[in-house]
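Letters A, B, C and D mark the chains as written, and numbering starts fresh at 1 in each.
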Amino acid sequence: MQMSKIVRLSADIMYPFVVIFGLYVIMHGHITPGGGFQGGAVVATGAALVIVAHAFHDVKAMIPKILLYLQESGGLLLFIGAGLAGMLLGFPFFFNWLANSGSLFGMPVPIGPNPGELNTAGFLPLMNIAVGIEVWGGLTLVILYMLSGVGKEGY
Amino acid sequence: MFANLPYLAVATLTVIGLSTVLLKRNLVKVTMGLNILTSAVNLLIIVLGYREGGIAPIYTLAPQTYMVLPTPQALCLTSIVIGVATTALLLSFTMVIYRKYGTVNVDEIRELRE
Amino acid sequence: MALTLSTGSGFWNPVVWLIAIAFVLLVVYLLWRQGEAGYNRGSAQVKPFISGNPEPAKKAVQMPASNLYWGFTEALSGYYARVIPAHTGIVTDYLLWVLWVTAVLFLLVVIT
Amino acid sequence: MIPQFLWDHAPAMAVAVPLLAAFVCPLVGKYTATGRKAWVLLAAAATSALALFTAWRVYTLGTWVYVFGATVPALSVPPDSGGIPIRIIFEVDAMSALMQVIVAIVGFSVILYSLSADGKRSGLEAYYTLFLLLIASIVGMVSTGDLFNFFVFFEISGLASAGLIAYRVEAGRAVEAGLKYFVVSTLGGIFMLFVIAILYGQYNALNIAMLAERMQFTVLDKIALVLIIGALATKAGAVPMHFWTPDAYALAPSSVTALLVVASQASLYGLFRFTFTLYHLSLNAATVGWVLILLGVFSMFVGVTMAIPQKDVKRLMAYHAISQTGYMLLGVGTGLAVLGNQGMLDAFGRMAIAGGIFHIINHALYKGLLFLTAGAIIYRVGTRDMNRMGGLGHKMKWTMIFFMIGALAIAGIPPFNGFASKLMIYESVYLFNPVLAIIAMVVSILTLASFVKVFHSIFMGPQLPEYEHVKEVPAPMLLGMGILALLVILFGLFPQQVVDLLITPAANALLDQSGYIASILGGA
C-alpha cells in the first residue's frame, strides 16, 4: 500500500525545510524560545514525515543507521565533554568557560535593545548543538526501532 | 474567578488522567492517561510561575522588567523531555507485548502473578 | 572492648561467640574421637539401606520445593486465600493500590 | 595535579564518569567485545573509587558541598544572588556517603559478575550503557541536594531499570515485568513532580536546605509529604505497593536484580532524607513515624509469608527483599516517631535509626549476594523453578557456600552481619513497643524457615541425572560473589567498628537538620 503521489511529493519537498527549521531552532536556542531538544525533535519529525509518506520498506535502505548511532553517542559525548572541559580548566563541572572569552560564542551580551547576538552565551549554544545532534539521532532511531517489527500486514 | 481557571484546568486534567489510567483496559490508553497526568502537572508548574501582565523572560529588547518566572518553564521543559522518553519506552513495551501475547488488554497481561 | 557491639540496652560480641562455638566443636570432636572407626569407604556400607528394599530412582527421592511447608500454608490457608489473590498481576490494580495507600495517608496525615 | 583534581571534583566525577563511559560504550562495543569488557570494568572501578573517595572525605572532613557551574565548587550562595542558593548543588553528608559506599561496593561486584554471566549473550551495546546509567543515576540520587535534580535522577533510574528488566524478552514476560515496574515508577515520578510544584509555588526554592529552612508545614506541605511517602515507598517496595517488586526482580537478569535492590534503597534514602531533613520537627512526628512503622510491619509480614509458598527462586528472594525493607522502615520509623522527644530519642531512637541504616548496607550486601548466587544457579541449570532443581551442592560447592553465607545473614543468624543490625533494631524497638519487636523476631524465624526450604530444594538431595554435567560457574562470577560474601562476614565479625565508622555519623547526619541547612546557606 502506498500513499498518493501528491502526498509523497509534498513530503519530499517539505523535508529539507523541516530539517532547516529544526537546525535553526537548535542554533538559536540561547536567544529565542526553543533549543536543542525541540530542534532535534523537529528534525526527527522530518524523518518521520518521509517514512509515513513513503512505505517504510522503501525508505529503510536510504537511512544511514550507523550515522544515527554516531550522532546519538557523539552528541552526548560532546555534552559531557563540554562540561568536563570546564573541570579541566580548574572550574566546577558545567562551568560556563566560554562566556565572555572573546572566542567562539564568547562575545559579551550587548546591553540595551538589540536584535539578539548569536555569538554570545558561552558554551550554552554548544550544549544546545550537542543535545540537538543527540535528539536528532536518538528520536529517529526510536522511530526506526518501533517500525522495524512492522510486518507487511501493517500492524 | 478567572485567576483560578488554570487551577481548575489542572484539577480537571488530573481527574481525567487518573480515571483514564484506572478505568481504561487498553495499554495504549493507560499510557495516554499517564501522559495527561504529566501534562496536568506541567500546566500546574507553568501556572505557578505566571505573573499577570508579565512578559517572556528574555532581556533582549525587553520593554519592561516585569516578567514571568523562567525557572518553572525550565522545569517544565525537563519534565516534557522525560515524558517523551517515558512514552517512547512504554509504547515500545506495549508493542513487544502485543507481538508476544497478542493483546494489549491489561486484564490479559498477567502471566506474572501471585 | 572494641569488638563488642553495644545496642544501648544490650551488647553483642561475635568473637567471644565464635570462640565459644569453637570450644563446643572441640568438645564434640573429642567425644567423636572416642568412637570406633568402623566405616569403610567403597564397601557396601556406603549404599543406602532401606530395610532390604531396592533403592528408588534419584528423582523419586528428591523432595520438590512446593511440597515443603505444605502444613504451614495449609494451616494459614485462610490468610493465604486472601493475600495470594490480591496479587492479581494487573497493572492498573498496582496503580490503584498506590492511590489507595496515598488516600489513606492523606486521611491520616492531612485531615487529623 | 591529579590528586588535587580529585580532591576538588570527586562528587561530580562520580556521576560524570559512568555517564561518559555509558555513552562511549556502544562505540567501543561496535568494534571489539573484549575492549567493551575492559572499558566497562574500568569505568565501574573508576566510579567505585571516586564514590569511595568522596565517602572517605565526607567521613573525615564533614559535609561536602559541590556547586555545578559556579566559579568555585564550594560557592553555594553567590554574593549577587541575595542569599539564595542557585544552581544545581550536590550536598554529600554522612548519610549520602554511606549510600555511596553501598553503590560503590555492590556496583563493582555486580559489574564484575555480569561481564562473565552475560558476556556471551547478544545485544550487549545498550545493556552496559543502561547498566552504567543506572549506577550514575543512583549516585546522583543519593548525593544531590536539590529537589528537582533528585526527580531527574529518579526518572533516569526508572528508565534505565525498566530497560534492563525488559532486556531479555523471555517470550514477553520480562517485558511485562518491565512495563509494570515502569508504569508504577512513572506514577511515582508524577507524584514527585506534584511535590516539586507545590513546594516551589510556596517557597520559591528547589534546594532542599533552603526549603527546609523556610518550611511552614501548611496543609499543602502535608499533601506534599503524603505524595512523597506514596511515591518513594512505592519505589522502595513497601507493602501494599510492592506488587511490581517480585515481577521485576524475578525477570530481570540476576546482576541487574542485585543493582535494583540498591536502586530501591536509594528511593528509601530519599524517603528518609525528605522526612528527616526537609520536614524534620515541623511534621507531626508521631503520626508520620507510625505510618512508616506500619508500612514496615506490613512489608515484613506480608513479604515473608508470601515468600514461603513461592516456587520461583528469584521471586521468593524478591519477597524477602520486601520483607527486609520492612525492617529498615521499622527501625527508622521508630526513630522518627520519637523525634522531638529528646529523652526517648537518646534512650532508643538513635539506636533504632542506626539499626535501620545499618540494615540498609547489610541488606544491599547479602541480598546482592543471594541474587548473584541465584543467577549462578540459573546460569548453569537454565530454570528458575525450584521444583526442577536438586542436588546441585555436589557440583557447585562455592556457590553453595556463598548461598549459605547469604541465607544465614538474611535470617539474622550470628555471626553474620544481618544479626548485628537486627539485634540493634529488636532491642531499640522493644523499648518503644514490645509487640513490634516480637513481630520482627517472628518474621526473622520465618525468613530462616523459607531459606532452609530454598537450600534444601536446590542444593540438598541426591545428584539428579539431568544435572550430571553441571559445573561450577566461571571465576569472575565467583569473585563478584566472593567480594560481597567477604564483606558480609567482616561486617558480622566487627559490627561495632562498622557502626562507629559508618553508621553513627550517618544517623547523626540524618537527625542534624540545622547542620545540613548550615552547610549550604552558611551560618546557623
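The definition used in the following text is that a residue touches a chain if its C-beta (ideal position, glycine included) is under 8 Å from a C-beta of that chain, and two chains touch if they have at least 3 such contacts.
In this text the structure is predicted, and so the values were computed from the model without any measurement.
*Asks:* Distance between chain B and chain C based on Cα centroids, please, to the nearest Å.
*Replies:* Chain centroid spacing, chain B to chain C, equals 46 Å.
*Asks:* For chain A and chain B, what's the span in angstrom between their mean Cα positions?
*Replies:* Chain A and chain B have C-alpha centres separated by 23 Å.
*Asks:* Once you find the CA centre of chain B and the CA centre of chain D, what distance in Å lies between them?
*Replies:* Centres of chain B and chain D (C-alpha means) sit 28 Å apart.
*Asks:* Give, as an integer number of Å, the spacing between the C-alpha centres of chain C and chain A.
*Replies:* It comes to 56 Å between the two C-alpha centres.
*Asks:* Can you tell me which residues of chain D touch two or more of the remaining chains?
*Replies:* If we look for residues of chain D contacting two or more partner chains, we find 179-180, 183, 187, 246-247.
*Asks:* Chain B: which residues touch two or more other chains?
*Replies:* Each of 21, 27, 30, 99, 109, 111-112 in chain B touches at least two other chains.
*Asks:* Can you list the residues of chain C that touch 2 or more other chains?
*Replies:* Those would be 84, 87, 89, 91, 95.
*Asks:* Taking touching chains as linked, do they make an open path (line), a single closed cycle (ring), a hub with spokes (star), an all-linked set (complete), or other?
*Replies:* other
*Asks:* Which pairs of chains touch each other in this structure?
*Replies:* A-B, A-D, B-C, B-D, C-D
*Asks:* Which bits of chain D are touching chain A when the two form their complex?
*Replies:* On the chain D side, the touching residues are 5, 9, 12-13, 16, 19-20, 23-24, 26-27, 30, 66-73, 88.
*Asks:* Residues of chain B touching chain C in their complex?
*Replies:* Interface residues on chain B, with respect to chain C: 18, 21-22, 25, 27, 30, 106-107, 109-114.
*Asks:* Given the complex with chain D, which residues does chain B contribute to the contact?
*Replies:* 21, 27, 30, 34, 37-38, 41-42, 44-45, 48, 71-72, 75, 78-79, 82, 85-86, 89-90, 93-94, 96-97, 99-101, 109, 111-112
*Asks:* Under the definition above, what is the set of chain A residues touching chain B in their complex?
*Replies:* Touch residues, chain A against chain B: 31-33, 35, 37, 41, 113-116, 142, 145-146, 149.
*Asks:* In the complex, go through chain C and note every residue touching chain B.
*Replies:* Answer in residue numbers: 84, 87-92, 95-96, 99.
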